[in-house]
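Each chain gets a letter, A, B, C and D, in the order it is written, and its residues are counted from 1.
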Amino acid sequence: MPLTPMTDSLLSIKDLSVSFRLPEGETLAVDGVSLDLAPGEVLGIVGESGSGKSQILYAMMGLLAANGRASGQVLFEGQNLLSLLPAQLDRLRGNAVSMIFQDPMTSLNPYMRVGDQLAEGLIVHKGISRTQAQAEAVRMLDRVRIPDAAARARRFPHEFSGGMRQRVMIAMALLAKPRLLLADEPTTALDVTIQAQVLDLMAELGRETGTAIILVTHDLGVVARLCDRVVVLYGGRVMEEASAETLFDAPVHPYTRGLLAAMPRLETALTPRLGTIPGTPRSGGQVIGCPFVSRCEARLPDCAIHRPPLRDLTALDHRHRVACHLTGTAP
Amino acid sequence: MLRFIGKRLWHGGLTLAALVTLTFFVMRLAPGGPFSRNRKISPEVQANIEAAFHLDEPLWMQFGRFVWGVVRLDLGPSTRHRDYSVNDLIASGLPYSLTIGFWAIIIAAMVGVSLGLASALRRNSATDYLAGTVGVVGIAIPIFVIGPVLQAVFAVRLDWLPVGGANDGWRSLILPVIVLALPNIAYISRLTRTSTIETLRENYIRTARAKGIGWRRTLWRHTLTGALLPVIAYLGPATAAIITGSILIETIFAVPGIGRHFVDAALNRDYPLVMGITLLYGAILILFNIATDVVRATLDPRIRNER
Amino acid sequence: MSADLAPIQSTSTMQLQLRRFRQNRLAMISVVVLALVTALCFFGPYAFPFTGEDADFDVISAPAEFKWPHLLGTDDFGRDLLVRVFEGGQVSLTIGFLGALVAGGIGVLYGAVAGYVGGRTEGLMMRLVEVLYGFPYVILVILLSLLFGGGTMALFAAIVFTLWLTPAVIVRAQAQSLAQREFVQAARAGGMTGPAIVLQHVVPNCLSSVIVYGSLLVPEVILSESFLSFLGIGIKEPQASWGNLIQAGTAAMDSDPRLLLLPGGLLAVVLLCLNFIADGLRDAFDPNDR
Amino acid sequence: MTLLEAQGLDVGYKLPGSGLFGGSRFLPIVHDVSFTLEPGHTLGIVGESGCGKSTLGRALLHLTEPSAGKVLWQGQDMATIPELRRRRSEMQIIFQDPVAALDPRMTLARIVSRPLATFEPGLTRHEARARAVEALGKVGLSADFADRYPHELSGGQAQRVGIARALVGRPKLIICDEPVSALDVSIQAQVINLLMDLQENLGLALVFISHNLAVVRHISHEVMVMCLGRVVEYAPRGAFYAQPLHPYSQALMQAVPEPDPRREKGRIGTSLSGELPSVLSPPPGCVFASRCPKAADLCRTTRPDLREVVPGRLAACHFVEAP
């Protein structure tokens, strides 16, 4: 789904930063991230732990921890989410924008029947009756392939497997037909065959309802399976952004290339040793120059001093942007 | 659910039996007897008084007689108050102890929970510090200090309330109930505050907020259950604290409840009365523990089908 | 291999916890006040030419005029109030700290063994605790102090026997989770025997929660002693203890409030300090609600 | 000489019964597992959660007692080795959660040198510490790490300390129980390479347990696939990844997402339907029958035994033929 001109983008994040006040000082988890999303598009945000990828979603949904602060702009259908009052934000949350989380075992209310937890959103946002909402909930449970949905709706979360609970979460999120679904590592805690089921479901429902999806994950395979476009994050900053095909066929940024070399593969030829990126992933914090400099084996003297801007390599396909001084010299 | 209650009753019965047996033999082992403290009376008189109370029989016989008594709900005569049976003494004292204990728990729960919730929701606010001070005062300053002080101020000096006794209807209950409730208000408010803060950190609260159902609905429909479960679980042991406290209250405010009887009975080795009250207190405690478990089971489905 | 910042001076978990405790002003003030009161109680009486039990009949019920030697006056037997409160403090504080230490010690070992061993033995050990918990505490402690024949030692044994339950339950839960932790399994893979693991891995890691709950145990023990003495079962006249002093004070409440306020006040101050210290320790050891 | 051999191994846990004297129920987790492992070789054990691979790993060292069958260490039944704990220096284990595997109250030098107190009691404190620093060096941690504490380490560094502790007693075998699952991709690669280097330099045998087929492919010589406590396929690495025989292995291969959009976009919609069966109520027939696309009534009733379909390759399926 190529990105049409900027004006009718569903979501436009401009220079978003998220910082946390800790006793030992202020740390910057997200440092000036900008990205756009077209209606119905599936965008992947990839990064290791500490890259700040989840904090972008939490900032948008107003779910930051008490000591967290977000700055910049998050325009969703023209409204800046960061400046909305809680009551205004609540009209959108679970209605126009909804979110699913990583750990299915703890994300559902253990004391409330599953059907009621689903129906609740509809009752609040669509103002329909309880019985109508519960019927709609059962239909949605059936749609996400929960066996004998009507009976299961009356049961409690601890009677569901991990995979089933994640499908319930997806049903809950898509019940109100949102325009945007935010997914924070939805399949990380699942087994690989169950993960495949959940990814298929998300792809199917996304296409069917035209819901745009932002998928945050550390697993490059999951991104390849589900996403149209990918953003690679490191130390709270965008390192590279491109269509899935371009990113995996011709990665430019040393970090992206390093990640792909470090990932063990099933089908390509075996190499005696995996490609490695030395050192440990850096998390947030004020940094002059490129955050990846301490681990980058292709670094230039300039990388530690000047912060590489996100340049558009228009020569390749329409949207391939990279933040690296190496490309500065390239055509 | 019934199986759940049945199992709890069975466990409770076992505990009560163990409790009563232990008390029976510990009392017998304690030095001195029911009549050893009287002024000089001739050995023969002493002997047949003891025979009248079957104290000359072997221990297991006496225990058998006691158990048979319990089954017939007749706890036998009191060795100290000769003209009253244990049943009479309990019947006269119980209403007072129960009323005070009951109101103390109700007030402690209501005031404690609301203070705890308010301070958890608006942390470091005025209510938070107020609840904090009430909490610390309640826990740190014992009943037998607060009681006499309030008594001196409100009853003696200002004469708003009766100094003691129980013949002035509910007015004479106010001070005892408040003093008895204070430590539990403190404990419950601190407990509610911590459990609410922990519940607010749970992932399913984050999901509720992400559903955009508004903070009020999130609080009432999602946060409250999780926050109150540990408090309800504490209400069992709270009754034990209330029972302990009631003995003090009845001494300070001269309330004719069974708590006071117990201390005198223990000091004077009034075996039947001690056994009677122990049985009563033990039963109250176990029933209350079962009640709190049942309430928790209705709220938390995992407990319900766990057993 | 791993490019790290300059080798920082490494701080052990214990040092980290102590530093966090020191930053807690309220807790530090409480430590100072508690130390002051304890010192006064144990060394104060030496400053006076008489003991708490010497009755001086020509100064009966002297008012508090801060005049030497009876600074705060005397009770109705002519015994110096201040010295008696100090001596009472000695009794209550000794029983409090010693009682918490012994009850805590028993509780920790019982809990650590039950938690680590698991299986049927743990079931039985915990059943016993459950039964003892079922006991109305007051009956148990009164019966035990009678069983042990009254007097300070009997009181001490009765209190300790009833108060080791809570630390046992807390440490058992902690030991149970520790037994599953990988570093305990790694110790077994490292050839360590069961007892060695309990002593070197389980108990040290339970210490932090023991210290927190131990500090809560001290006020409990002091309260129990005063409670029993108040009921006339604990420390008997003429020996002074805060319990029996307060009991005497309540009887003369309206005529001479000093008799109650002095011991009661000191007891309240000690209990307040202990509670603030306990809060400080809990925040220092598991600072999750930062 | 075969280093480690499992013969018809069954492992399970006793669940405490309810009530005071309630009888305890026995929950079987691992059923009838057999294999041999040569020195310097790596056996990869792969399977989804609940398939019993971690339980098997612990039973191989008798950290949990097997309920049936035998584990032979250099030909000798481990149950009969006297003072087994003194011989544990030869067989070590590393864990999934690197930080939880280190006692938070000890310095790294003490953690790594602690096993020597049992294995080589003669060593002085100073010699033990030197051995610890040497072991830390072998896993790429400089000497100044010796006095640090676990809470000051990253996940990757903590896992290296776990490996150093395993190395200090000069083992012949290390059981790796999901050692890299909790680590980031770039750190995962570092630890995998480190394990392979150590195997080459020290002639170590490894039992590598993981749910990640790609990681297992990179490090193993032989691969064993487990499902619900049973072995469903056993084969040398090359043959297995070229042509997995058992339908479950094929399904796993199919489900693992690769960083290749064209391959993956073609895979959407091919996932299995049905849920992971629960360990508490294992199905009578084949363990994969409830989700297998080729399942027939035969599969649901009689359990296929593990048979040699091709020399050196075993599979437990009624319909599997030689490739």
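We take it that contacts are C-beta pairs under 8 Å (C-beta built on N, C-alpha and C of every residue); 3 or more make two chains touch, one makes a residue touch a chain.
As the structure is a computational prediction, the values presented were derived from the model and not from experiment.
Traced through touching neighbours, the fewest hops from subunit A to subunit D number 1.
The greater number of contacting C-beta pairs, out of the two interfaces B-C and A-B, is seen for B-C. Chain centres here are Cα means. That of subunit A falls 54 Å from that of subunit B. Averaging Cα coordinates per chain places subunit B and subunit C 23 Å apart. In subunit D, 20, 157 are the positions where the chain touches two or more neighbouring chains simultaneously. Within subunit B, no positions touching two or more other chains are listed.
Among the residues of subunit C, those touching two or more other chains are numbered 1-2.
Residues of subunit B that touch subunit C in their complex: 12, 15-16, 18-19, 22-23, 26-27, 29-31, 136, 139-142, 144-145, 147-149, 151-152, 156-157, 194, 197, 237, 240-241, 243-244, 247-248, 251-252, 262-263, 266-267, 277-278, 281-282, 285-286, 289. Put simply, subunit D touches subunit C in their complex at residues 14, 16, 20, 24, 58, 61, 63, 85-86, 88-89, 91-93, 95-97, 100-105, 107, 114-115, 118-119, 140-142, 144, 147-149, 151-152, 157, 162, 165, 169. Interface of subunit A with subunit B (complex): residues 61-63, 86-87, 89-95, 98-99, 101, 103, 106-112, 120-121, 124-125, 156, 158, 169, 172. Listing the residues of subunit A that touch subunit D in their complex gives 48-49, 145, 161, 163-164, 191-197, 199-200, 203-204, 218-225, 244-245, 248, 258-267, 270, 273-278, 280-281, 295.
Within the complex formed with subunit D, the residues of subunit C that make contact are 1-2, 7, 10-14, 16, 119-120, 123, 127, 181-183, 185-193, 201, 204-205.
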